[in-house]
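Could you have a look at this structure, given as C-alpha cells, before my questions?
Each chain carries a letter (A, B, C and D) given by its place in the written order, and its residues are counted from 1.
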Amino acid sequence: MADANWEPRIVAIFCNWCTYTAADMAGVSRMKYAANMRIVRVMCSGRFDPQFALDAFAQGADGVLIGGCHPGDCHYSEGNYKALRRIRMLKRMLVDMGIAPDRFRLEWISASEGDKVKLVMNDMVAKVRALGPLSLPEKLKEFDVEVALEQASVR
Amino acid sequence: MKYSYFPGCSLKGTGRAYEESLLPVFKALGVDMTELDDWNCCGATAYMSVDEVKAAALAGRNLALAEKAGGDLMAPCAACYLVLMKTQKRLEEYPAVRGEVGHALGQVGLSYEGKVKVRHPLDILVNDIGVEVISKKVVKPLKGLKVAPYYGCQIVRPYATFDNQENPQTMDKLLRAVGAEVVDYPMKTKCCGGSLTGTLPEVGVSLVHGLLREASRRGADVISTVCPLCQFNLDCFQDRVSSNYEKSAMPVVYITQLLGLALGLPMKELGLHRGVVSVEPILAQRELLHV
Amino acid sequence: MKKIVQTIKYEGDLDKGFKSWIEGIPGGEKLHSCIQCGTCSAVCPVSLYMDLTPRRLIDLSREGFRDEVLSSLTLWLCTSCYACTVECPRQIKVTEILYTLKRRAIQERVYPRGVPVPVLARYFYAMVRGTGRMSEMWLVSLVFMRTNILKALGMATLGINLLRTGRMPLKPDLIRDRAGLRKLLDSVQSGKKVAVS
Amino acid sequence: MSDAKGNGAMRIGVYVCHCGTNIAGKVDVAEVAKYAGTLPGVVLSRDYKYMCSDPGQELIKKDIAEQKLNRIVIASCSPLLHEHTFRGAAEKGGLNPYLVQMVNIREQDAWVTEDRGAATTKAKDLVRAAVRRLPFHQPLEKKHVPVNPAVLVVGGGIAGIHSALTLAAAGKKVYLVEREPTIGGKMAQFDKTFPTLDCAACILTPKMSAVRSHPNITLWTMSDVVKVDGFVGDYKVTVNRRARYVKEELCVGCSECIAACVYKDAKFPDEFNMGLGKRKPIYLPFPQSTPLVAVIDPATCIEFKTGKCKKTCVEACADRKAIDFQMKDEMKEIAVGTVILSTGFKPFDPKNTPNFGYGKFKNVYTALEVERLVNASGPTGGEVIMRDGKEPKSVGIIHCVGSRDEKTNRWCSRVCCMYSLKLAHLLKEHTGAEIYNFYIDMRTPGKAYDEFYGKLLDEGVHFIRGKVAEVTDCTLRPDEEGKLVIRAEDTLAGFVRRIPVDMVVLATGLEGQADAQDVRRLFNISCSAEGFFLERHPKLAPVSTFTDGVFIAGACQGPKDIPDTVAQAGAAAAEVLALIDAGHVELEPNTASIIEEECSGCKSCVALCSYNAISFIADKKKAWINEVLCKGCGTCVAACPSGSIRQNLFEDAEIFSEIEGVLSRG
C-alpha cells in the first residue's frame, strides 16, 4: 500500500527544558538525523494531553513521540511523572484501537543528550517506516461511508 | 559443567606438556572435557596476514562445530583463544564478513549462530570452578616455590574480559591458592616475541632475555605460563640467551603442571620432563617432588 | 662518505585513496583520528627494531605514502601482542591495520627481501589448507630451508632439544574432513574485496 | 484594520532568516518564503540574511507600521536563543510581543538534515504550523515578581570568594556556603600561580580574610545545601551546618588546644597537604584557614571513640570554652533571590591509569601533591624531599594524565600544560634537577603563557613530544638501577626512549565533582554526562543556566584556570546584580487560569500542582489558580476533565492547530 516515496510523518511533543534543548544541542553539534520529525514545544511533558496524540493520528501522523526530562529531573519537579501515568493509559488504549505500540513512544532525554535525540529519532522513524503508513484519515473516511451505507440500507 | 576442548596444533606438538597436565587437572576437579571432533587449525596470526575472510571462515568452522557440540569452548592456547574470540567479534560487528563466512559454511553443511562462549582455562578455573574449591583439593601445597606468573599478551589483550588488561590477577590467585609464593612480576603481560624467535631470532631472543632476566632478578624459581608459544620461547631459547646475553637457566612450566603437582597427580602424567630447562632440580630443592 | 639522497615528497606521488581503502577494511575505521601521541610506539615491544615506528606508519598510511608503508620492516616485526590497540587513546585498532597492510604487501609482493615472515605466512596458509592442521617445527624448518639454509642449521640444537623432550612431531597432523575444509575455504571469495558494509 | 492588541482580521507577516549560510545552505529560504505567502492570513512574507541584526529587526518594525501586521512568524534559530529579541522588536514596533511565534529551522532543521529537499519541506511544515497557531494568540502582559536582594553562593574556592566579595561590595547580602572547614578551595593548596609566579597564598588569603570580615557576607563552612524551594527572585534554601565541635564565635585560632591534644605528635594524614603531612584529631587545615577556627575530626578523636579522653584540649582552651563535644548539626533556612554555583572540580584519580605506577612506586606524585611539596608552609617546609627521603636529581612530568583519552576522559583539561611548566620551573628552582616534560601537544594560549613556555626552554627543561607508555622499575642498564624508568616515543626524533628519573609527576586532568549530579538536581539545572554544569549558551550566556536566577562560575562549568575562573565569577556576580537592581524579574506570562463557569469543582487539579498554586474555593465550589505561584508547566491544564483550565501561550487551540499545521500538507 505504501507508495515508493512515502515518508513517515511523526509528531514530536518535547518539553522546553530537557528534550527540546537536547534537540537544539543535536543541531549545535551538527548531528544528522531523519527529517521526518515535526517538533511541537510545550513547557513540560506534564502538559501532554492524550488528545494531542489522538488528534495527531487522526490528522495523518504515522507516529507520535513524547519527550521529557528524566524521572527526578523535571524542571517542574514532577510533571513528567504526571505525563507518564497518562501515557501508560493511552498506550493501552491505542493498542486496543489497533495502533501498533511502536507508533507511540515516550523518551526521557536530558538537555545534554543531543546524541540520544539523534538515536531515538532515527530508531523511531525506522520502526514506523517498517510498519508502513497508518493513514487514519483515509480509514475514517471509509468508515463514514460505510456508516452512511449502513444507514441507507436500514431504511 | 560441560565444555568442548579445542587443543590447537601446539598442544599436540611443542606444547604437549600443556595438554598432558591440563586434562588430568580438570578431571581431578570433576570437569568434563570432550575434545572438539575434527577441529582444525585456528589460523593463528599468519592466516590473517594472507586473507582476512578466509581466516574468519577457518576459525568459523571450529565455532560452528563447537556450537553443534554445545557447551562453552575451552581454548588453552593464547593464539587460538584470541583468534576464536576475534572471529566472533568480527562476525557480529561486520555483516559483510558474516555473510561471506555464513555462505562458505553453508557450502559444507555448517552454520554458526554466534552462540558459542570461548573460554580460557584461567577463566574457567577461577570463575566456574573457583579458587576456594581448588585450594580445598590441594594435597601437596607448593610451599616455598617462588613463581613468576607470566600471562603473555593474547589472552588478556584485546578481547578478554575475565581479567584486568594491565595487571591480570587470575593466575596469581590460583598460584596462591595452591600455596606457591607469587613474585611481583611487572613483565607479566609483556610479549614473548611470538614467532619472531623463529623468523627474526635476534629480535625474538632479546625479548625472551628481558622476560627471563626480570624473573630471576625478582627471585623467581620458575616462570608459570598459560600459552604454548610463550612456554616454547622462554624455555627453548635459553641457550641462545646464555650465549648472546647472560647465563640463564630458568625453568618455564605451565600453570596446569603446577596445579597438578599441588593436587597430588602423578608427576609423569604432568609432562614435567618435557622442559628443555628441567624443572626437577628446583622442585627437589623445595622438596616438592613426589611419585 | 654517506650517500646523499633527496627526501622531499611530492603530493603527486602519494596514493590519495590509501587512507579510505584502509578505513574500508574491518578494524581500520579510526585511522584518521590519530593524534600522533606515540603511545603505540612506546608500548610496542619491538618498535625499537622497526624502521618505521607504529606511529609513523599510521601517519604515513593516512597521508598516502603507500610504497614506504608496504615495504616497511615494521609490518613483519609486529608480534600481534595488541598492546598498541589496547593503549591507544583514540582506540585505533593498530594491530588490525597492520594486518591489512601485511595482506596488501603479500598480495603485491613488495615485502623486504630476506624477511621470512611473509614466506612463513604463505607456507602456513598452504599447509593448513591442505592438512587442516600445522606442525610448527616442520613448518619453521621448511621455511628456513627456503629462505636461509644457514639459519636452519643454526636451529639444529633447538631441534635436538625438542626431539630429546619428545616435542617435535616429525609428521604433520591431519584432520578427517580435509576435502570439506578446502571446499569451505575456496568458496570464500578472497577477502581483499570485502569491506565494511 | 488592526491595533496593537492584534484584534481584527489576520494580517500575518512571515520572515524566513538565512542566518548567513547556516540556514540558507540547507533550506531553500526563498521557496519557503514564497510558500508562506500562499497561506491564509499571510499578507507579507520575506526571506532575509540576518533577521536578528538591527536592519532585520527594523524591517519588522517598519512592516508592522506600514503593512499593519498583527501577527508575526519568524523562521530562524531556536526560540531559546532569540525569542526575546524578536518579541522585543515587535514590541518596539507597537505590537504585543506575544503575538510573535518563532519557528526553529536552524538547530532543528538545517543543522540536522542531510537532504536539501527534505529540509525545505520540513521548514514549510513548521512555518505552516506557526501560521495556523497565531490567530489563537492573545495579547499578554508580562508578570513581574520582586527579587530578594540576598544571594546564595555555593562553594568557597576562588570563584565563590570573588563573586561573594563583588556582590558584598555592591552592598548585597551574601551567604557563602562551603563544605570544607575552610574556604580557599584548590587555589589555597597551590604554591605559585602561572605565568606570573606570584604565590597563590599571597594573592588569595587577603581575599579570604576580606570574606571573613565583610559585614555583608555570612560565611558558613562545613555546610551543605540540602534543600531548595521556590524560583527566581524568591528561593528558600535549607543548609545543614555540620558540627565542628569548636564554637566559631568563641575560638580565636590560638592553636593551644592543638598543642595540648593528648596525641603528642600529629599522626593522621592531613587532607590539606594531600596526606603528605600529618595532623592531630583537633587541627587547623592550614595556617591561614578561614575562618581561623579549630576543627575536631570525630573519626580520630579519642573522646568521640571512647569517651575516656583527658580532654587536655578543653583545659588548654580554659575559660574561652570554645570546645563543645556536644555540638550537633544545625539546619538553617535562608531566603535568597538568586544563586551562584561555584562548586569547582575534582582532580583525576591516577589509580585509573595504572601504567604510570601511582600508588605502586612511592616517588610517583600527582601535581597537587607536588604543589604542597614545594610550598614553604607545606609538609616539608618547601624542601623537595620525596617519600623515600631523598631529593630528586631528575624528574619526569607526564602531561595529559586522564585527559584526551577515550579510555578515561576525552577532553583536554586546559590547565595541565601550564601548571606542568610552572612545576617544572619550581622543581628546577628548588632542586636543580634535570626535568623532562612528556607532552602530546603543548597548549599555552593565554596572555603571557607562551612566553612562559619560552622561559622554561631557556631554563634548559627537556620537552619530549610523546605520550608516556609506562613508568617501570624494570631496569635494563646500570644507569637505570634504582630509578623509575619512563618509556615513551620521542615522536619528533622518531625513536623510543627510556629515561631513568628519581621522581615522576603526573599532570592529572580536571573532572566534575563526584556529586555534581546531586547538586544539579538540587538546583534544577542541567549537567553534562562528564559532570560539568551546562551553561545556557556556550557563547552568549556562559554563566547562566536554564533555570532563571541560578548562575555558574569556575571549573564546575568546565576545566578552567584562575584568570578565567575569576572572570566568570565576576560575570556571574554582574548577572546577579542586574537582576537585583532591576528590583523584579519579568516572568513569562505562560501561567494557567480557571474558566470559572466551566469548572465542575472536581478538585482533580488541586493535588496535581507541585507549587500549591491551585486552591479550592469552597463557597463557589470552584478551583482557583494563584498566578503568582503558578510556574506555567501546564500539567493541570492537560489533566482537567472538563477542559476548564487554560494556559497562556499553550492554549489547547494553539497546540492542536500547531499539530494539525505540521501535518496538513498541501
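One rule holds in what follows: a contact is a pair of C-beta atoms (placed from the backbone, for glycine too) under 8 Å apart; a residue touches a chain by one contact, two chains touch by 3 or more.
Since the model is a prediction, treat every value here as computed from it, not as a measurement.
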| item | value |
| --- | --- |
| B-D against A-D, pair bridged by the larger set of C-beta contacts | A-D |
| Interchain centroid distance [CA atoms averaged], chain A/chain C, Å | 53 |
| Cα-centroid distance, chain A relative to chain B, in whole angstrom | 55 |
| Rounded Å distance, chain A centre to chain D centre (Cα mean) | 34 |
| Chain D residues counted as touching two or more neighbouring chains | 355 |
| Shared-contact residues (touching 2 or more other chains) in chain A | none |
| Listing of all chain pairs that touch each other, if any do | A-D, B-C, B-D, C-D |
| Chain A residues within the chain D interface of the complex | 9, 11, 16-18, 20-21, 23-28, 30-33, 35, 38-44, 46-49, 51-52, 55-56, 59-61, 72-73, 75-79, 82-83, 86, 110-113, 118 |
| Partner chain A, residues of chain D touching it in the complex | 78-81, 104, 106-115, 118-119, 121-122, 125-126, 129, 521, 524, 526-529, 534, 538, 546-547, 590, 608, 610-611, 631-635, 637-639, 647, 650, 652, 655-656, 658-660, 662-664 |
| Residues on chain C engaged by chain D in the complex (per definition of touch) | 35-39, 41-44, 47-48, 53, 55-56, 87, 89-91 |
| In the complex, chain B residues that touch chain D | 166-167, 186-187, 210, 214 |
| Parts of chain C lying in touch with chain B, wherever the complex brings them together | 25-26, 45-46, 49, 76-77, 79-83, 85-86, 95, 99-100, 102-103, 106, 115-118, 120-122, 124-125, 128, 132-137, 140, 143, 151, 154-155, 157-158, 161-162, 164-169, 173, 175-177, 180-181, 183-185, 187-192, 194-197 |
